[in-house]
Amino acid sequence: MSEANPIELKLSVSEFNQLSAERMPFAQQMGLELESITTSGVTMRAVYSEAFLRPGGTVSGPIMMALADAAMYALVLSRIGPVELAVTTNLSINFLSRPLPGDIIAQARLLKLGKRLAVGEVSLYSDGGSGGTERAIDAPVAHVTATYSIPPRSI
Amino acid sequence: MSEANPIELKLSVSEFNQLSAERMPFAQQMGLELESITTSGVTMRAVYSEAFLRPGGTVSGPIMMALADAAMYALVLSRIGPVELAVTTNLSINFLSRPLPGDIIAQARLLKLGKRLAVGEVSLYSDGGSGGTERAIDAPVAHVTATYSIPPRSI
Amino acid sequence: MSEANPIELKLSVSEFNQLSAERMPFAQQMGLELESITTSGVTMRAVYSEAFLRPGGTVSGPIMMALADAAMYALVLSRIGPVELAVTTNLSINFLSRPLPGDIIAQARLLKLGKRLAVGEVSLYSDGGSGGTERAIDAPVAHVTATYSIPPRSI
Amino acid sequence: MSEANPIELKLSVSEFNQLSAERMPFAQQMGLELESITTSGVTMRAVYSEAFLRPGGTVSGPIMMALADAAMYALVLSRIGPVELAVTTNLSINFLSRPLPGDIIAQARLLKLGKRLAVGEVSLYSDGGSGGTERAIDAPVAHVTATYSIPPRSI
């Protein structure tokens, strides 16, 4: 995004992880951990457990959808502050390859931040035990676009 | 769908629920239960638990996405048989209203069943403690379209 | 949609077709004609011309996307009145089969009408010279979901 | 995409523009012109005419959808060769801002090239009379993901 003003981050990694621990039980069940928030986006990890598996021995789609949605939520809150009622209005995912058992990493960035809607895209990568250092050159296992509705803010 | 031949159901409710119990741990965590398979579609329920909640006190989006995806999987398998490697290639969800705490019901039907791709739509309804008898007249809380890729079948 | 209040139609077929004739030149190029507006939805037709064709001899996707988008626009305006700046924020289309040369019919209905967003679905049918009487039993050639943003209304 | 083998381009800009001129009349009506094909993607332009306008004085959505779809078609053919019956199975567009009258530029790149499906994303930019040199730093006016089905190839 081209923006005239510098981006101000309004939520820290620890603040989001605390919100998640207290108020997002499914995120805890799925092992979702926010890793970083920067002016260019956020990175979130789903720490692998056997509960991720689906028939065929690959990571299930719902894990990837939950990870992408939570990463977008963190991204939006990092820009508008901890507005709990920011909600997803639309999410579209393309599954590109079947991830082997292992962590999944989400990298989310904004395409638009308006007054009423925020739109972003999330690329998901498999981090199959390699320690993650190689993932930057890997192809994504899934790609997501999502729209969040931003509630009217009181003054 | 208009079809020259009568639809043959190739999977029963109990067969799917057994597959789910053995091979889809996240479906168990989320309380997903297939209720019916007919020639016009399938109905699946997500049995409410507090783990469904997200900030704001409504049911989280990932629960609804997981339910819709699993309902589509059951629907596709009911038409092609227990082909484990049928996988989602695309899923798009529109969230329409914020469901209060309670079960979520998915009704899935096919838009297309081809040799390589199956496309369906899923309407999600809130079943907030009313016992479900009134849900038919309620508006959906979310709407999903999804595409499954059908692997080549050996003969 | 279940609605407590009866639906009031705020735009007529002739009013929309006049708006289209005056302000939507691409709709004229593509032969888009609104056929009906009712409380359950709208029906719009794309009158076939050879300009619809794409390689392979079938109707091109962009014709179907334009038809679906215009049908949704007519549907939204029929509910909120002639608010020109109602704009699409998201449109997702699944192409289900390849329509032979001929008219395409769109049937659009609302899934949600909120203050800020309207969500609908559009089923597209091929009307390949059969006069249209049989289309109700045919399978759709494409399926669309779309979201419109409704501008704040002055009082 | 990470690929072991170097990408071989199987279609030139002039070959695509000839195909378009002969077989894609709507692309001609809309002034679509392929500008470049490289190993990282393709760039296509919709040359502005007044037929682009919609109520409100901005460029209509169907023009942007047609441009994105045609750019993806050129991109897929550049990788698999002139296979006419490669067809879109799914296209999802997010409209991000309202483009003023002027050319629209599409930049398309592949997310996946499989045997049966190709998935890509397209960013659309307004080129409103500025000559295009500044567009790289501008925000996109729309973002598209699309899936193409690749027909089985004879040997």
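Labels for the chains are A, B, C and D, by order of writing; each one numbers its residues from 1.
We take it that contacts are C-beta pairs under 8 Å (C-beta built on N, C-alpha and C of every residue); 3 or more make two chains touch, one makes a residue touch a chain.
Computed from a predicted model, the values in this text were never measured in an experiment.
Engineer: What chain is the most remote from chain C, judged by the mean position of CA atoms in each chain?
Structural biologist: A
Engineer: Tell me which of C-D and B-D has more C-beta pairs in contact.
Structural biologist: Between C-D and B-D, the larger count of C-beta pairs in contact belongs to C-D.
Engineer: Distance-wise, how many Å sit between the C-alpha centres of chain A and chain D, to the nearest whole number?
Structural biologist: 27
Engineer: With chain centres taken as the means of their Cα atoms, state the distance from chain C to chain D in Å.
Structural biologist: It comes to 23 Å between the two C-alpha centres.
Engineer: Measuring from the mean C-alpha position of chain B to the mean C-alpha position of chain D, what distance in angstrom results?
Structural biologist: 34
Engineer: If a residue has to touch 2 or more other chains to count, which residues of chain C qualify?
Structural biologist: Each of 89-90, 92, 94, 147 in chain C touches at least two other chains.
Engineer: What graph shape do the protein chains here make by touch: line, ring, star, complete or other?
Structural biologist: Shape = complete; every chain linked to every other.
Engineer: Taking the touch rule as given, give the residues of chain D at its contact with chain B in the complex, in rising order.
Structural biologist: 89-90, 92, 116-117, 147, 149
Engineer: Flag every residue of chain A that touches chain D in the complex, lowest number first.
Structural biologist: For chain A paired with chain D, touching residues are 1-2, 92, 94, 96-97, 111-112, 119, 121, 137-140, 143, 145, 147.
Engineer: Using the touch definition up top, name the residues of chain A that touch chain B in the complex.
Structural biologist: 19, 23-26, 29-30, 50-56, 58, 60-63, 65-66, 69-70, 84-85, 87-95, 98
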